[in-house]
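See structure below.
Which chain is which? They are A, B, C and D, in the order written, and residues in each are numbered from 1.
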Amino acid sequence: MDTTLPPDRSTTPLSAAQIPEDEFRVMRRENLARWPTGAEVDIDEAVAFHKSMPPHKQLAWVMRQAVAQKKCLTQPRGGVATIEMQKDLMRVLDQDGLADILPTTTDSYTRNEQFSAAQKGLEESQKAGRSMLNGYPMVNYGVRRSRELIECVDKPAIVLSGTAHPKLTAEIGLAAGFSGYLGSAIAYTVSYTKDLSIELGIRNHQYLDRLAALYAEKGVELHRRHPGFLTGTNIPPSIAIVTCVLDALLAANQGVRHYGLELGQTLHMVQDAAAIQVCRELCQEYLVAQGFNNVFTPVTSLHWMGAWPQDEAQCAALVCYGGTLAAVGGAANVTTKSTHEAIGIPTAKVNAEGLRMTRMAVYLARHIRLDGFDEFEREKELIRREVRPIVNKTLEMGDGDVAIGAVRAFEAGVIDIPWSPNRHVRGKVMPARDADGYLRYFEKGDMPIPDDVMDFHTESLRRRAEQENVPLSLDLAVQSVFDIAEPLKRLQPSPLVV
Amino acid sequence: MTGETLITGVIGSDTHIVGNRILSMALEKAGFSVIALGALTPADDFIKAAIETDADAILVSSLYGQGELDCQGFRDLCIEAGLNEILLYVGGNLVVGKHPWPGVERRFLDMGFDRAFPPATRTDDVVEALTRDFEARRGRAGKAEP
Amino acid sequence: MDTTLPPDRSTTPLSAAQIPEDEFRVMRRENLARWPTGAEVDIDEAVAFHKSMPPHKQLAWVMRQAVAQKKCLTQPRGGVATIEMQKDLMRVLDQDGLADILPTTTDSYTRNEQFSAAQKGLEESQKAGRSMLNGYPMVNYGVRRSRELIECVDKPAIVLSGTAHPKLTAEIGLAAGFSGYLGSAIAYTVSYTKDLSIELGIRNHQYLDRLAALYAEKGVELHRRHPGFLTGTNIPPSIAIVTCVLDALLAANQGVRHYGLELGQTLHMVQDAAAIQVCRELCQEYLVAQGFNNVFTPVTSLHWMGAWPQDEAQCAALVCYGGTLAAVGGAANVTTKSTHEAIGIPTAKVNAEGLRMTRMAVYLARHIRLDGFDEFEREKELIRREVRPIVNKTLEMGDGDVAIGAVRAFEAGVIDIPWSPNRHVRGKVMPARDADGYLRYFEKGDMPIPDDVMDFHTESLRRRAEQENVPLSLDLAVQSVFDIAEPLKRLQPSPLVV
Amino acid sequence: MTGETLITGVIGSDTHIVGNRILSMALEKAGFSVIALGALTPADDFIKAAIETDADAILVSSLYGQGELDCQGFRDLCIEAGLNEILLYVGGNLVVGKHPWPGVERRFLDMGFDRAFPPATRTDDVVEALTRDFEARRGRAGKAEP
């Protein structure tokens, strides 16, 4: 069985159009044949299972409730090598962490479809009595075993599997009863792969989106979600939002009508609140413009995705502020980290503490909204003025086809991603943090951001350089990667230190 | 000064490129000749590149926790390929979870790495360690500074 | 030696006027004779010692720097029974906690001038090897020993001694080299005593203020500070600010020109930011109106002073949010608590962690200001409209003498304090938390708050009662005492719990 | 129903009145007759009030940490005053610092209190405990419910 990289057998040229039914049937058959557990997938049985779950275990329904009730749910990450450990983890996150949504993060071999390596990691972990994989090997355990994870808790569960190869993991996870699935074409291709082309990334996710839509057609609404964090490293809101819009259009074309949007926090209260509002707004704007009037798009805010400080007390502040920012921004959900973030995957206990810190922070800020505040309105307009030219140019380059447009836009650098490992990303764009704590563009690469907007960015960065008495150069952008991770003595020295 | 050839890269299925890229930039700036293999680099590719470029050291990054699995037998691969003397560093978030550093370091030294570096290692410290180790080797080999 | 309650020997009738020099000399002599260590006080030697300290160890200078540099300093609380333990504590708070200001909290016997009981507690603590006092017995150790505390750290230190009997502790503390002193007439009398009259509380603090002014006249500016937290229990900003204004006027009359203001957080971001700005503004307004043009009044924000939750993760969120609120409000300083708050005096380590959490939170929100935000401006105006009628009425009742006015205002209930243990406080006022998380007046007692303002308060509380489907009654005000201390399951249940 | 007379107060130099006041309100509502001495109450005042009112129980609050010192010999004072049978409760933040509750409870039971209550005790639980203890006493004394 060749599982390393699933060959793309599609002979049809790339387009955003919905995969034809018969073609999809063939694709699924070949996909499921790649590992023995694929044979366990029976979509009609799976649909029946989903339907048998109470609504509060179905993430699509739960997200709709959160939005209707204007609540901000909490969701951790978490995956370990064996199913016994994974059950324990999920129970702790549920009971001690009070998580509203339970995660199953897959390991990095699974993500890259190296199922034999995952098998070895699973077995070594069983021997060692500790997890040597950074996640749960979903495919190796298969549908029947993984369903035990769904049955061990009374809350909805989501698969977190950062990869541009979701095809088999998604089949297994959704059939097992997971009602949420994170991952999207552009976002994951640029952050999780080195050689994979944007085109293949799109094709792989068209499969995922089509599969989710198939469940919907059979009466099971799933929560598909976009991983807006990309490389996690100083992603300005406008880049995240561009990918949200494009991936949402790709998903909608496959028939998805419930599509969550994620945004990594910049850690600036005004910028983050603006990002959340504008993300929702612009995704809807472009979806409706393309005729998709009924796509539900709740926004999830993510705790800081860049480098964390070593000190657990500093991390606690980032965790709590993460809750504050999600609440103030009016997110429907916040994905949490923990005080162990800088060092390693947290224990269940520490992960649960991060959840409770966040939950309390959300509670405390639940009433704060910035609507009508000048600085907030200015920031929203700025983001709109960055996103629209990029998205418009992309759609134009595809002659209206968002899949083709995306591929061409990446080729031309019209879309660019900072710090991406992927060769097909130009990698000229370079963000940096400005004097007021906002993430700005030091270098926009070839993205069509208007000149006056760039002037504003440059000016605000120049002020930081001046304040710190350093040249306005790439070094400032590199320093911006470390900013938040610095020890307190450097971040916030006694004001009397001369 | 320096000038030695270094191979850098992130081993296994690991996409964490940021630290590795910043490290590579800093090493170049410090005068080394750096061959950067980037993220998601199989162990074999490090060896191949080292042979091709007659490298003096390999710097393996691993952040995602599975480094313990990916790095098993790395020294043996080098020896099999005839790279008997090559300096091997490893750095990052080397194991899954938060564990006291000395134990983690031991595991990687036992695997045959010359040095292992904990999370949040500053690039200056890496440059310093390399410089010291290369000097020591030149000394041992009786080679004078050119 | 009778030390239990120092008799008030003043024969002059109460007034705000500065204590005459000769009278003060007699008062000091009698005061210092109440306990052997009083003999160690030599104000000229003390002045020389203060002058020998570098400016960065002098709190008055440090507070001025913080304001000039727009920084928010961190300050913990902390006191233990023996000087050895106290030195260790201060070093940990300095080095691990990165505190900008170091505290010495006195124990509750010392606060009530029961120096023999403090002596016993000190000795039992030495025997037991753990602190059995809730603070440091400053008077028992005296000037020379206590100066070791000043010398063991390279930062300014403040005496925290919640009491209406500051006379001897202040003499010892200031002579030892403490450059800050917390405590004021109205605030401490209403929150720390049961039988003491407002008049005697004022007289005791006139002594303290006069003493501080004496140091100033001799060339040493000290940081006197008002403890705006009062009973710590749901104090609406306007009540805290009324006491700040009146106590500031009392202090200024004694010659104090550096007077810090404290405000306990309400935990509502907009209300707290508004409170900080209006407190500074109105204190200056009334000081200037009475001819005191050059009083420096930096504001300190205090972590939540009401009941804390048991869960340390929830507490971490309160600690961190406390830093956020201080930063957003533009406070010059924040006084911190810890994750142990609900249970007991924190260990040095936990106290230091609270400092670092707060410091990081301050860092993260350092750029956020709400100026120009409608809701913020509305809230400021609301506070002004509550404070002014009370202060004006008080000054009027005193025929321009703030001391006399304060006494009469308390008698008449024109000033009222919630949850006060003091018999001379009417205790009819009753705050409660409203539907939007603001502290409002459920009952204003006899305070002259305008009717339309009260209508606004009542309406917002009625909305909460409606939301929670309970009657708008005293029970809601009592529940408001517990609100923040509830476990998360009650505070922020899963939105799906029906 | 109930109707027993209870003395409440905060012992020593302790001004924490809020919890004590809320507790007193709840006890009255539950049908007890409550004599509330308020904050800053010396041990002797509790005894005096109990004698004067022929009280059935004394509920001592201590929050500020020095309760361990203030409560020493409290039971002896009661016995000396002839209050041999009186029910003694103590509650609050009884010692300085965060310590495991069982040890703290032991210390106060050893001092002669019938029950000790940790921080965050709900008033309902106090009412329940009192009711149970009074019933048990009535049972022991052979007294029937009136």
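Assume contacts are C-beta pairs under 8 Å (C-beta built on N, C-alpha and C of every residue); 3 or more make two chains touch, one makes a residue touch a chain.
These numbers were taken from a predicted model, which means no experiment stands behind them.
Peer 1: By label order, what chains touch chain A and chain B together?
Peer 2: none
Peer 1: Ignoring chain A and leaving every other chain in place, which groups of chains are still linked through touching?
Peer 2: Leaving out chain A in thought, the network of contacts falls apart into B | C, D.
Peer 1: Counting in whole Å, what is the centre-to-centre distance of chain B and chain C, each centre being its mean C-alpha position?
Peer 2: For chain B versus chain C, the centre distance works out to 56 Å.
Peer 1: How big is the gap, in whole Å, between where the Cα atoms of chain A centre and where those of chain C centre?
Peer 2: 45
Peer 1: Could you put a whole-Å number on the gap between the CA centroids of chain C and chain D?
Peer 2: 31
Peer 1: Mark out which residues of chain C touch at least two other chains, giving numbers and ranges.
Peer 2: Touching at least two other chains: none.
Peer 1: Please list all residues of chain D that touch 2 or more other chains.
Peer 2: Correct list: empty.
Peer 1: Edges wherever two chains touch, nodes for the chains themselves; is that graph a line, a ring, a star, complete, or other here?
Peer 2: Contact pattern: an open line, chains touching in sequence.
Peer 1: Write out all the pairs of touching chains, ordered by chain label.
Peer 2: Pairs of chains that touch one another: A-B, A-C, C-D.
Peer 1: Help me check something: in the complex, which residues belonging to chain D touch chain C?
Peer 2: 10, 12-15, 17-18, 21-22, 25, 38-40, 64-66, 68-69, 93, 95-99, 119-120
Peer 1: What does chain A use to touch chain B in their complex?
Peer 2: 107-109, 111-112, 114, 117, 120-121, 124, 130-134, 191-195, 231, 233, 307, 310, 340, 342-347, 350, 419-421, 478, 481, 485
Peer 1: In their shared complex, at which residues does chain C touch chain A?
Peer 2: 56, 62, 65-66, 69, 71, 73, 98, 100, 155, 267-270, 309, 311-314, 316-321, 323-324, 353-354, 356-368, 370, 372-375, 436-437, 488-489, 491-492, 494-496
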